[in-house]
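Should a chain be cited, it is by its letter among A, B, C and D, assigned in written order, with residues numbered from 1 in that chain.
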């Protein structure tokens, strides 16, 4: 029987891993799809951190974005629509030795998966979460998602989306136990990578909302922002991101932001133009769910035998009793 | 066939309604259960507003609190666990002439119903929503709910709840299109009634979180607050509630609060001691979903015939064509 | 000897059914349970059934409010709650009436009734009491008024509680049980409380005992069969929770729902002692997915629920089947459809267990038939789940969940636990679905295992786990997933027939009806009928040989607690009749004209009702 | 006459199957559809089937990337996509290979292949092309290389698009279709665009037409049967959406899912013109509950989904059944289980449609068999839902959803619409469930109606809608809800047999296989077999008399697109064999040894495959 301590085995050799070691197959996303950049950032992180591929798990729901685990040479679960979080929690809590990534879309996370998203924030399991927000349902061919712009014409809103878009950041920041919320865009790979790294090192539920281009259905959606770096507001903090001089020359719209101040975070989160990017909020003091659930004793035959004995004793009638 | 304009019928007489006209059967809640006060406040509102019972619908999920529709002499739906909101939306959007109340519990709304709650806020259908928050699963006999206090011993947390409680107010206030969020306690019936009245008159999704006593399982949970009026902070605003002199003498801990300021609302919402009561946030400019969906034309046989003709024309092959 | 020295005759009984009923919160349940436990400790055969009010706080003195326990005790092992009660102790006349109306009291039976209501300040109450009393007497019941509260208050003027312990003492005296065991049981009940409370309640117990000796001119004795083995007295949900521990599973994910939840309560209490945990998820879908995650990560998990929750899990279960993830799912069935009757027994989920979910998602379906089964089924289910890498559904129901019965104390065997998963780095990259061409069985790479990396997907896939679009590869996956059930079927033993191995009629059942069916068969055989019964624990796949077994009898019928149309309804014809669940499955499989009799009354079926059903089937069958 | 004045022989055909395939995005789908429409406009019998790649953007020139259309055209009405293609136009050799590998090309068939790859700058591509070309020639295909792109660029040097219109012109010439109709169709396709685009594409069309006349030394002609009625050419999802409009329903609640979504897309586009709306909910459960709310409020609603979404709705559907709320649910089935094959056809949800959900939740289950059915089924379903106050499940599938076929243009009848609900104040307070003792039917009070007030509940309830705990009242509710199906069954007509009314074998089918089954039966009858087929549109309840019908044949089998175990698998026995869905139902109901043949290849079954299956069944049956 398996024990709850990390499962170990003899490692014969300890090879150095290259990017290719984390790649599997040919990604089947459209040319120019932002998902490619996100995949690359995860693979880069794995390489930088030298994560053993066999101890890495990518979990997703359903959507274009949720195809990501198929392109990672690691363990993975391409689950069902909206349910990536509880699957990932089940993995991580039972196997804290594994590095677990979650990749999800704006429909997967913010529509059908809403309940799991909110509660995953509250459980605060140590997961690195990439929310690919292309503001549309890609895989099912262009229906409005909760984050679609007011007025966006889609197949289910032929006369324009009726509602203001849901803001995943403000919602997340309203949830008790929220411990890490960031935003970034797919077209600044270095920032994306920085945030993935911060998220990976955060010991809790680290949510990065990534504004992701979907050239196939949402041509131009982000073009004005891509073209004009001043419409991106970089939030800087020593514990968050700081731009290197090169990027700093392009992204001059920067702001010091206290990432421990939830009220400030909520305010900034509300802004959509310029797009704030960076770590909005971080609180390392929230205990992770797997820490709260860490077993005091490992499972073992003797522990089982002991517990059964102890419990059966409470309910046992011994033959002697009624003699 | 039914038309989408409000269904009307000859009203022979227009009787004046008394409280009893809204009562049905004997409520089956425990003595001292806060649900009784909530029921009374709804019935009082109906009487004050002279709502025709047959044009009033109470919708709920499952839980002690969700039994409420059975005790209202009106139409009602005692639905399934967690799904009161979409049922109520289906009713209200299709029949805007009806007054629709939703009554739900902390488990019903904030656990299994989370996705519907968040999206109901965003759709902003005109519903008066009573969230009975007793911080426990009552009907199923004492399991932790998302709003249960850290450390609370319940049947599923025999060594104390592991997580900080979810704050339904901060979550709600993070949702785009949120238009009305209030908090009150079951033991100040006049305030409760004031807020139910404001919620009823708000043309959108009006959520009142009601801290509700469950003497059966949560004896003493709110006792310190019940006993000490200073641990209740009354938020006053001309468009919200203002205490009458009598109550004002008891509840001296009061604060002017700008109920149009979402940032102020989010800050106050985070406080749990003292308990803020009153209208935290209101925005009457958010369009209601039923207004967005109001049909431009009513359904009629001629409209159907016309549309079918128009569409079939696009796909028709006339016998003449290939002669 | 009675208190005044007169010898009271002690009547020896082979069995008796005793009920204790009160308003909810007055402690009749505790009293009945304790009574059952004391009787069991003295070696009687015992079955206790809870009488559960439908609401948390029903109004006092009301018909739907009856709360309590039925205890069937006998000089032999008993397997069900029996027919009508021989004796009832009632704390007020309304709850008594509720049992009478429900047809649960044997006519001419004995009643002990709290008499305080006769003098109640509310004349309405006093009148109601007197009326019911007169009615019962007129109906032939032997009604004994007992001044329960008055006697208790003589003992403890300062407290209104404890009447149930008085009644417990009374019953112990009446059934000649050892009062020392009774006092011990009282101490056990209040073990967590201050010792003064224990003493006070023992005092009331003694008072009840003494009152009975002093005032009753009759007493019963039920022989105790000799016992050789230690027995445990548990309800099905407790047995299930201990079974989870015994199976070596370490993770249970659930969302509260009646009547499943108490299993998780118990598990929450004890699981951490073996490194396990109970995860209360935000809903049933999340619970199921959490369990899938745990199993994927190498810790086979269980998710426990009841009907509505089981319906919600359908989509997630499909993923587990498709991904070939071992998973144990328990459905403690309750009254349906929809919210139905949450606290009541029903067997309405069998077809959904077999056919729920879109597409072809073959699962193993087991049904526990006894409380002992509830324990062992968890060990079996986990083993099957991990051997066949699939979902194993275990059906229990509200009857098993809340009834108590002694069964031989299980002795832990280390092979209950699964062997540790093979985590050696695969010599060469392993195909996650390297299906065995004959059986469909395959390996199960586990994260951490080098060389086993794959991405589980709900999309059609090949043996590598790669997504496929090819028509034949799609069929290959369907074929292997289905083959596994056939492979299991070949390993199943033919179930044993109870009663005659051939004859007029075979009754087939599943689930908690086992005891009542077998008792009914016994009775009819005693009347000279040649009949047998068969109880299925494996429903999907079904063991082989049932066709031959059925062929030994002139008629075959199922007895179930789920709906089937009644042929005496004008519009119902043999052609349009909707059959009971198991009957439908047997008919489709064996093309045998299996009839069905069912009741869906929210109550466990009584042996008497089953006797009637079989008898009328025999009668009509012999006409044709 | 060909361009150089030589008379080209025109071969008259009774039918031909034509495929156009390209990489996704190159327009083969549009070309094929337009070709089908032109042929239909000239009165040919037509069936078009989409060839759908599994991914949004599959790699170029790849086997899984083949995208396009199959068009079967005939001198008579056609009801399915037929067997292998007689002629294929392919934009590259890889997509052609994909069709060949899938067994979709008739050996010796005609191929038109874009020749530009032969000279491709990438030597790998040029080589691949040459290899495939040689293979195909060697295999006996008649391969014609066509300089499609070169010719297009001669016409429009500035654009790389429009090759599909060139091919359309080519095909029109080849099949002797009226080029004027072709040019009109091109105009229709680009109707929403600038007129210069229309002209440019017509120019390419003309070029293709001219090229064919100039270069091909053969031509075909398919006679047009005389037509008397106007026909509409629609796919099943469009027909379904129009059916929703025609039924008078005003509310559709949905959550996107393939292949159901396009029905909702179309409805989103047009529904508001009749005061309706499509609500895109946050998930399928919410969609179902929104629809329940609408129906409760008096606006009978429909919710449209596919397998995974249907699984999620199980619990909510139970509420509608229990509360007796009319509701139409459409499940456009796709490949399962789990995510399965989202764009592919399968008939795997029938048993879940009948038995999904916990407890006894009887629903009406219909299955559309043709595209025309998709339209009328909505009208029928709404009427049934409101007559029987229950859930009506309509099964369609990916084949019906995306195939196109002409059928007589429906003429609106006002009785398609339900009468307005009776909103008169009830004379005396009305029982919401005043069940008719014979049929279980009852009224349906609607909010706004005075005197009708009640609270709908999923708990067991009496005729007042009041919660009940009484065992008999619980059974009463179950009985009435079930009786309604019997009441409907009595009203159903016995389905008509296609083919011989008695004989060697009866094939029974349901859903989109109808056309292929009937064609297979025709072919076998032409070979001298005496067989018939039966297609069920009502599956729950089933029409009466099927037993007698089956009795007219020596053997009975179903043909289905859902899994059944194969008897040639070593471990599969007649006893443990898992049967196809309908076969299981028929066996249980009629105790007739109904065999089944199924394929679950994600493709519509071909008449040829069914012919083989029946023939081998006939052969083995005659041996025994």
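The rule is simple: a residue touches a chain if its C-beta (ideal position, glycine included) is under 8 Å from a C-beta of that chain, and two chains touch if they have at least 3 such contacts.
Keep in mind that this is a model prediction, so the values were computed, not measured.
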Inquiry  = Farthest chain from subunit A, going by mean C-alpha coordinates, please.
reply    = C
Query = Which chain pair is joined by more contacting C-beta pairs, B-D or B-C?
reply = B-D
Remark   = Per the C-alpha means, the centres of subunit A and subunit D lie apart by a whole-Å value of 38
Query = Quick one: subunit B and subunit D, Cα centre-to-centre, how many Å?
reply = 42
Remark   = Rounded to the nearest Å, the gap separating the Cα centres of subunit A and subunit B is 32
Request  = List, in ascending order, every residue of subunit A touching at least 2 other chains.
outcome  = 62, 80, 111-112, 114-115, 118-119, 146, 293
Task = Could you check subunit D for residues that touch two or more other chains and list them?
result = 272, 282-283, 308, 315, 318-319, 323, 338-339, 457-459, 467
Inquiry  = If we count contacts the way the header does, which residues on subunit C are in touch with subunit A in the complex?
reply    = 40-43, 178, 181, 224, 227-234, 238, 242, 245-246, 248, 250-251, 253, 270, 272-277, 279, 281-283, 285-287, 289-299, 301, 315-316, 318-319, 323, 406, 409-410, 412, 414, 416-421, 423-425, 445-459, 466-467
Remark   = So, in the complex, the side of subunit B touching subunit A is made of residues 111-115, 118-119, 122-123, 146, 162-167, 170-177, 262-263, 266-267, 289, 292-293
Key: Residue ranges of subunit B touching subunit D (in the complex, touch as defined)   = 1-4, 6-9, 12, 25, 52-55, 57-59, 62, 69-70, 72-80, 83, 85-95, 97-98, 115-116, 118-119, 293, 295-301, 303-312, 315-319, 321-322
Query = What does subunit D use to touch subunit C in their complex?
reply = 54, 64, 102, 306-308, 310-312, 314-315, 318-319, 321-323, 331, 333, 335-342, 344, 346, 348-349, 351-352, 354-362, 438-439, 457-460, 467, 469-472, 474-475, 478-479, 482-483, 485-487, 489-490, 541-542, 544, 547, 562-563, 565-566, 569-573, 575-579, 584-585, 587-593, 599-603
Inquiry  = Quick check: in the complex, which residue numbers of subunit D touch subunit A?
reply    = 55-59, 255-258, 261, 264-265, 268-269, 272, 278, 280, 282-284, 308, 338-339
